[in-house]
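Shared chain: chain A. Partners: chain B in the first complex, chain C in the second.
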Partner chain A sequence: MIKVKKMGLHTFMAVPAFLLFALFFIYPLTKGVQMSLTDWDGLSPSKFIGFQNFINFFSDDRAMSDIKTTILFAIFSAPLLNIIGLIYALLMNGEFKGKGFARGIIYLPAIISPLIMGYIWYFLLQPERGFLYHALDLFGKSSLLGNWMGQYSSAVMVLVIVNVWQYAGMTMVIYLAGLQSISEELYESARIDGAGTWQIFRYVTLPLLMPSIRINIVTNIIGSLSVFDIVMSLTGGGPGYSTETLSIYIMRMCYGSKTGYSTAVALILFVIILIPVTASMRLTKSKD
Partner chain B sequence: MRTLLKTFKIFAVLIICGVCLIPFYILTVLSLNTPQRVFYQGNMFVPDFYLPNYIEAWHQSQIGTAIINSAVITVFSLLIILALGGMAGYAIARFAGRFNRMVFAVFLGCMMIPGIINTVPLYTLMRQINAINTLWGMSLVCATLALPAATFIFTGFIRSLPKEIEESAIIDGCSWFSAFWRITFPLLKPCISAVVILNGFGIWNNYAQAVFFLQDRKKQNIPQAMSVFFQQFAGAKWHLMAATAVIAVIPVVIAFLFLQKQLMKGLTAGALKG
Partner chain C sequence: MKRVMALLLSVVLLAGMLTACSSSTSVSTASESKASDSSAAQTTESGTSAATTEKKGKVTLTFFTGKVETIDVMNEIINAFNASQDRITVVQEYQKDASNVIKIKFASGDVPDIMTTYEQEYADQGKYLDLSGETAIWDRLIPSMKVNCTDINSGKQYRIATNMTMAGLFYNKTIFNELGLTTATTWDQLVSNLQTIKDKKPDVTPWFIFGSEAWHLGHLIEFIPHGYLKQKYGTLEIKKAMLSNDQSILDFGSPTGSMAVFAQNLLDLKDKGLINSDVLTATSDNCVQDFATGKAAMLSNGMWVLSGILAANPDMASQIGFAPYPAYMPDSKPVVLCAEDSGYSISAETKNPQECKEFLTYLFSAENQKKYSEALGAPSGFTDVDAKWAPEAIVTEVNSALKSAVNIGFTNEKPAGFTGDDAGRLVQDLLTGKYTAVTFAEAYKKAWDAGFGS
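On to the complex of A and B.
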């Protein structure tokens, strides 16, 4: 064994990464905590106002509606992404012709800008002039397509479906990577012990898939609660402000010269994300 | 029973692939229709192959500039992520000092924080250092957001490599620093492709940060240019919108076709080590 010398260039190799991160992430983060306690508008000198921003947030109807939309979106989107991603992975795990090709196609939507995706679905779903309307019209069934983006509950559901459609492939790929790390011998011996398909899935596949499940749950919760792009392009937060999410609210408040207030909202969003993330990390912790 | 199940499976796969592809097909059809065309005239699924849409869209949307900007930002960010993340991963995996352990703990903790939390205070910092509407500023922002996860992947991967590979180079008179660049870094290929795939497309498509930091029309990236273009027409002129979207999507699809083989390998090597 060679002893690593105490000093030398190698001792400082983590420094550049840390410096960049400290300057562009940690420093703004601490600055943001300070700013959240002021009434700063981005230009003129700010005044310390204590927790007034937080009080204002919880007494603002628009903000409360945004919290509701954000959480509602995540409650549907995150579990659906996981379940559909897992089903896709189980389906795509076997041996069949064109497997790689099919996987590629399913992953394809995930690499396209969600903003562009939102526009594509906008072209599809617009009432009276969208593609789906005319396609249904061919069969005389155009009345099936309502003004989905014009009503709150259906608009949220459209957002969920488009998000799941786009990112199920991403979730699938991570589950596939997990499935492939499970050795064939384990299935083999379970089958010899007389386990059925469901039992094998429940007692062999699922426990060994835990690392993938964990990654997918955490990333999907974070992604869903901070959703921004597709909402901007599909509904723009409308009708009114009803489908606005917290990330969009933060951006708009910042543009509306409520800099201090928008950092306070960002901290609230942070807490909203942190709670389910730490909870699901605890729940999926491997017991070995 | 077996064959029935298999037929069902193939059927399901075909339907899923169809659902994934149809929106792209419709986008292409839209982009090839003449401006006067209404859907229900003639066959909906066969376009007019009216190519002038693309020329007009190219000129009006300034998507060419946006593609170059997105490319510059993506390449610079990835270079920063690979260089800094790789070095940090090496230091953390090989030299267990107090500082290195602290860096790892901080990165691990911050991996869970999405960029939007930080963007408003970052905006004021960027204004102070004149980094708004600059490609280098945007590259640094994107690199910073990806750095913790990348460092995490590199650390896990380097830990799984035997230390002897560097030690033999040290005996030959190499320093630990140059041993990383000469010996270890070339071995990180699967890991590098994982980091590139996981972050590259996201940076190329970044919108949540671009809204803040790239407002100048000359510095816009692709999503920002698309959204400005869309607002300009307030939802009209779909043929031009669609043509612009197709132009914007083509580079991504080409990159994807090249990287697709590495995708699974890279993800297994990188993402699941944690």
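On to the complex of A and C.
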């Protein structure tokens, strides 16, 4: 009887949270799924068209190219963010003069709007008129700067580098927090047992950093697969649609009076993100 | 005790949420009743608009615009209008991406009362108020403005355009005079001119194209191959052909058609180094700067670029030449864009159509239109407005170009799913080497056709 009363009270206390969850998550998701099955253009009454939007997506060359670009960007960006963030964290975890300043400098790009960051890099890298071109020109080396944003392969790499440069500091902060929570005693006992630097890192630091690794992997996969602003400001998805990512495609389809279709693509992107996120969660959990 | 407190807090939170919902309902009910009051006032209106407004109380109208260059002058006119009476307040809303933002506004029901954006699909859906009966305004405008504002499908006018804009090839007269060049009337002459500039002035870009901005490349298609079609078949015929996707007239995919020849010409210019080598990354600002400082001899653009060039170098006023796009097909003639600019539409859903018209009448007064045209740098379409919209030397150049070439208008009849920006992105792909001239024409036709299906 007491148990039932307790259950009732607990259930009642969960009601506000559930209402908020239902209002801001379940309702939009349900509405989104419903909308993705229609031909709604944002204005006229919609018509149920089944899975036609999904079929159209997979038969659209531009959409397939966007999937390729998005995945390619994430494949390079997410691991690089983690590796460079971890290296930064290991370096910044030591004791040296100016540590706070160095940490601040590394973190600084993360607090600047990615749109502004994109424009800054655009003006730095612009061939024949950017800052880097003029700087290299002083040494007669301006030919080193190619038209990197005007070609697909190099433009994607520029996007990856700018993204990593901007967000590695954020990844570093999470790793730093993880590193600082590892007890010094564990390192001491490892040293007493004769472990070298690599062994300490491999068998003490890395396993105990697993929660931080998981957070960073998941957030970087989500961030990389849903990248929008840096691409928008740096290449605008061009030349052509070659560097267009799925997030930009969704926005353009929505503005192009294809609201139902863009919702279907948003759901596809959700699944594309969910697969690696779930896989990495499981993988890092088993490593725990 | 803790449990009681937790229970109480939960109840308070839940009650708070419900109260918030209920109060929001009451607010919307209040506004609904207000709205129904005002619509009731509208349906029973029989007297003057002032009498109607008195029933409604003070009316606020939203004026939505995407024209950044007119924000200040419009604010000035709006402030004067708001101060001139106490029944109507007009509020200006500017959005950089206005043509897209308006779609969101229509979709969400937050439709502005007056807007400068105009889309064919919304005209088809009856989203604009019919302005065909505004004879007092139409009678003051030159006849071609009414023709340009006429919706092909319904034959009605859902917008009133007040100004004209022209687009063509701007050139540096000093460079042309120095090299003894005259403006080209054929594509071969144009290439010859560009080659001379390249040979004699290696530091000068013969023709600057800012291809990082897809709309600019889309405009090249709009003015050159589409321009050819408009010149060949006439504006009305080509509008009908575009609306019905009549490929027997448009012929976009043909390997010898206007699109393929345009693409080949552009590729030739690139291969010969007659356009800037950073075509794919250059911006509009780069173009203006290079032209204003004499580093570029030619550019393609509309009159809206003038203010930027003159701001960068006021001494350029006497050096700016303006020429039509040369003929580039065997049976073509030079063309120059002479289209309507600054069109105003009223939402069909507005609760205050009379007040909207009252504001537009004020805005269209000769005094305000003179001010507006001079700020915009575009000639007025009103016959009673004498505006000094550009330095005299440029006005002479423009008038001469208009007389020497076929005047074409903008294409508003493109398929909904294929914008000028999309067309420009295809040109970007052409310039990266993704397409040959023939495959470009095929891709253009495919994208155009797909745009109708969306």
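Here, the second predicted complex is superposed on the first by the 261 of 288 C-alpha atoms of A that agree within 3 Å, B and C clash if a C-alpha of one lies under 4 Å from a C-alpha of the other, contacts with A are read in each partner's own complex, and residues count from 1 in each chain.
Methods note: contacts are C-beta pairs under 8 Å (C-beta built on N, C-alpha and C of every residue); 3 or more make two chains touch, one makes a residue touch a chain.
Everything numeric here is computed off the predicted structure, so don't read it as measured data.
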Partner chain(s) touched by A:G196 [first = chain B, second = chain C, both, neither]: neither
Touched partner set for A:P207, first chain B, second chain C, both or neither: neither
Dominant contact partner of chain A by residue count, chain C or chain B: B
First, second, both or neither for A:E128, with chain B first and chain C second: second
A:L43 touches, of chain B and chain C: first, second, both or neither? second
Touched partner set for A:G8, first chain B, second chain C, both or neither: first
Which superposed partner A:P16 touches (first chain B, second chain C, both, neither): both
Which superposed partner A:P239 touches (first chain B, second chain C, both, neither): second
Partner chain(s) touched by A:S257 [first = chain B, second = chain C, both, neither]: second
Touching partner for A:Q151 - first (chain B), second (chain C), both, neither: second
Set intersection of chain A contacts, chain C complex versus chain B complex: 9, 13, 15-16, 42, 129, 259
Residues of chain B that touch chain A when the two form their complex: 9-10, 12-13, 16-17, 19-21, 23-24, 26-27, 30, 39-40, 44, 80, 83-85, 87-88, 90-92, 94-95, 97, 99-100, 103, 106-107, 110, 112-114, 116-125, 140-141, 143-145, 147-148, 151, 167, 170-171, 175-177, 180, 201, 204-205, 207-208, 211-212, 222-223, 226-227, 230, 235, 238, 241-242, 245, 248-249, 252-253, 256, 260-261, 263-264, 267-268, 271-272, 274
Chain A partner contacts - residues on chain C that touch it in the complex: 3, 6-7, 10, 13-14, 17, 97, 100, 103-104, 106-107, 121-122, 125, 127, 211-212, 214, 277-278, 280-282, 286, 416-417, 419, 425-426, 428-429, 431-432, 434, 454
For the chain A and chain C complex, residues of the former touching the latter: 9, 12-13, 15-16, 19, 42-44, 126-129, 147, 149-152, 236, 238-242, 255-259
Sites on chain A touched by chain B in the complex: 1-2, 4-5, 8-11, 13-18, 20-21, 23-29, 31-32, 35, 42, 88, 91-92, 94, 96, 100, 102-117, 119-124, 129, 131, 134-135, 137-138, 165, 169, 173-174, 176-178, 180-181, 211-212, 215, 218, 222-223, 225-226, 228-229, 232-233, 247, 250-251, 254, 259, 262-263, 266-267, 269-270, 273-274, 277
